[in-house]
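Order of writing sets the labels: A, B, C and D. Residues in every chain begin at 1.
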Amino acid sequence: MTILVFAGSLRKESLNKKFAREAARVLKTKGHAVEVIDLRDYAMPVFDQDIQDGEGFSTSVTALGEKVAKATALVIATPEYNGSIPGVLKNVIDWLSRLNPMPLADKHLLLLGASPGALGAVRGLWHTRVPFEATGVHVFPTMMGLSAAGSAFAEDGTLKEERPAKQLDGLLDQFTKHVG
Amino acid sequence: MTILVFAGSLRKESLNKKFAREAARVLKTKGHAVEVIDLRDYAMPVFDQDIQDGEGFSTSVTALGEKVAKATALVIATPEYNGSIPGVLKNVIDWLSRLNPMPLADKHLLLLGASPGALGAVRGLWHTRVPFEATGVHVFPTMMGLSAAGSAFAEDGTLKEERPAKQLDGLLDQFTKHVG
Amino acid sequence: MTILVFAGSLRKESLNKKFAREAARVLKTKGHAVEVIDLRDYAMPVFDQDIQDGEGFSTSVTALGEKVAKATALVIATPEYNGSIPGVLKNVIDWLSRLNPMPLADKHLLLLGASPGALGAVRGLWHTRVPFEATGVHVFPTMMGLSAAGSAFAEDGTLKEERPAKQLDGLLDQFTKHVG
Amino acid sequence: MTILVFAGSLRKESLNKKFAREAARVLKTKGHAVEVIDLRDYAMPVFDQDIQDGEGFSTSVTALGEKVAKATALVIATPEYNGSIPGVLKNVIDWLSRLNPMPLADKHLLLLGASPGALGAVRGLWHTRVPFEATGVHVFPTMMGLSAAGSAFAEDGTLKEERPAKQLDGLLDQFTKHVG
């Protein structure tokens, strides 16, 4: 079982990149094969059918599609933009969904979300489920929103507080047990 | 009352561009001031906080923001990509929501959706409501999904069949009466 | 303008009944005509088309329908049950939607939600919007989730903390200004 | 693997009861152990915490909870009321979610929906996913909406048209393969 982990955000200091890396670290300690990627390394234009018809898929789209295709499961930590899925993540889905074979089909996905505020990106996670489920992804019912994420991570990237650390650990166990 | 009309799609032959133009035409016959724009003329990068912090807003973002700010109401015809809001439209919301003052706040919005299939983009319209409502937009409760849109438009851009034509006409009346 | 206020919960000590009553009190201090009702006084069976066809509408359904019909706007404070609309509130919508004329059409609605936990019923509020919007209700885009509601109210029913009290006050002003 | 099948509707001539029975028949021909129940036989009051605290769970709630607990998977055919989950089905979830152990946790669920109209209850199915997922149910990503259901079934209960019959057959294969 290979697990592909990334964040639904581009900025370098993204809290969700930190959350994704920490989830990956915990998964590795449990003996899973994990690959962490950064969507910044897979820059793609805003989806436009005319681009697909004219130029075909960019190498970033096909390369990301191959990463997804090889993975058994995905863990995505995503911010909430305006109570909903970030455009950057939706754009990735729009492009990947055009590939044939469609790499997202039948994948297992665990959604995480970090936010500096009190709600922990929870509204956005529910909105983010929809396009993945529409492409045939098995989105794990339980998700984790990390609130006050601006101060949640220690220097070494681990979660400072025991409660969210245990929640993440338990959730990753549940998820990998379900997928396995 | 000025009504800004556009499609949530980039491609030139977009069915939703046709639907948007037809809605604009009908609104004009009713005496409303209407402006139709094409998101292709407002190309913007995928949202990235680092771009906003480093380079600020592109002229496309500020120009679109001004168009929205001047309008009393918006009519957006949007396709459904993977049962949900297109990345291109979500990306526009992500950028506009960062402007200050935020041009979407308190605007009235009517959502239309055209699709070649039988469901008329209806699933996607419900998903599309969420980010707009999260930014304070009054999304009109009734929406219109146009099914079999590939053959719905005559050469002159009008709707061939009486039933959808009447539905659009009545919905635009309801919407403008509510906004006015 | 008459505003009908109630909670989407039946139990006597419901936090959302407290929240509804407090919203009503604030609205009265602003000079609005307000009526607070309790769904416990409008007991209705679980919706079943056979009951409607056989026995017609119960007096609770027609009486509640009349209350809604007379109101200009509704304020509903609703708990979140399983991340979503409570069955009791959905059941009320199902019954009211069968009345002719349909009393919910074109009403304005403000949704509030109280919960003992940290998320303040916010997930449930977004799920609750959908059936109201499907019946033609103008659901106000901004909503208010009150977290830690078990300790939020003073003996006299007012909100203890200044921050949520101000939030409620400002939101009610925005809502009534929009409706008026 | 035992599959529990029922409809999210009470009325005797419910199209969704027909759809549920047909799904059950097809599952049996594939060799699965199937039980079909009718929510009419599990009448329960509208959920009220005071009832739970005072009288405890009715026998209908505990009996339905046991049926769910014994099943490996559920297939529910549900109508769409006002673009959303029927109150009767939400009420069942609200009651079952209070049982301890909670019988819905980790169950697999396939959602079907029949409607007399063109949209096949599809909007409602997406809304119905949410409370199930919030209780830890693995809702199968693909769902099936049956449009024009008033004329879809033959005298013997089978689907008249080849296309929906094949769609149902294939979807049930996918679902049981995934669960198995």
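Observations
Here, contacts are C-beta pairs under 8 Å (C-beta built on N, C-alpha and C of every residue); 3 or more make two chains touch, one makes a residue touch a chain.
For clarity, every value in this text was computed on a predicted model and none was experimentally measured.
By number of C-beta pairs in contact, A-B leads over the other of A-D and A-B. Matched by residue number, over half of the contacts between the chains of C-D recur in the interface of A-B, chosen from A-B, B-D or A-C.
One finds 36 Å separating the Cα centroids of chain B and chain D. Averaged C-alpha coordinates give centres for chain A and chain D that are 30 Å from one another. Inter-chain spacing, taken between the CA centroids of chain A and chain B, is 28 Å. Multi-chain contact residues of chain D (touching two or more other chains) are listed as 83, 123, 126, 130, 133-135. Contact residues of chain B toward chain D in the complex are 83, 118-120, 122-123, 126, 147. Contact residues of chain A toward chain B in the complex are 9-12, 14, 43-50, 81-88, 90-94, 97, 123, 127, 130-131, 133-135.
Chain B contributes residues 126, 129-130, 132-142, 178 to its touches with chain C in the complex.
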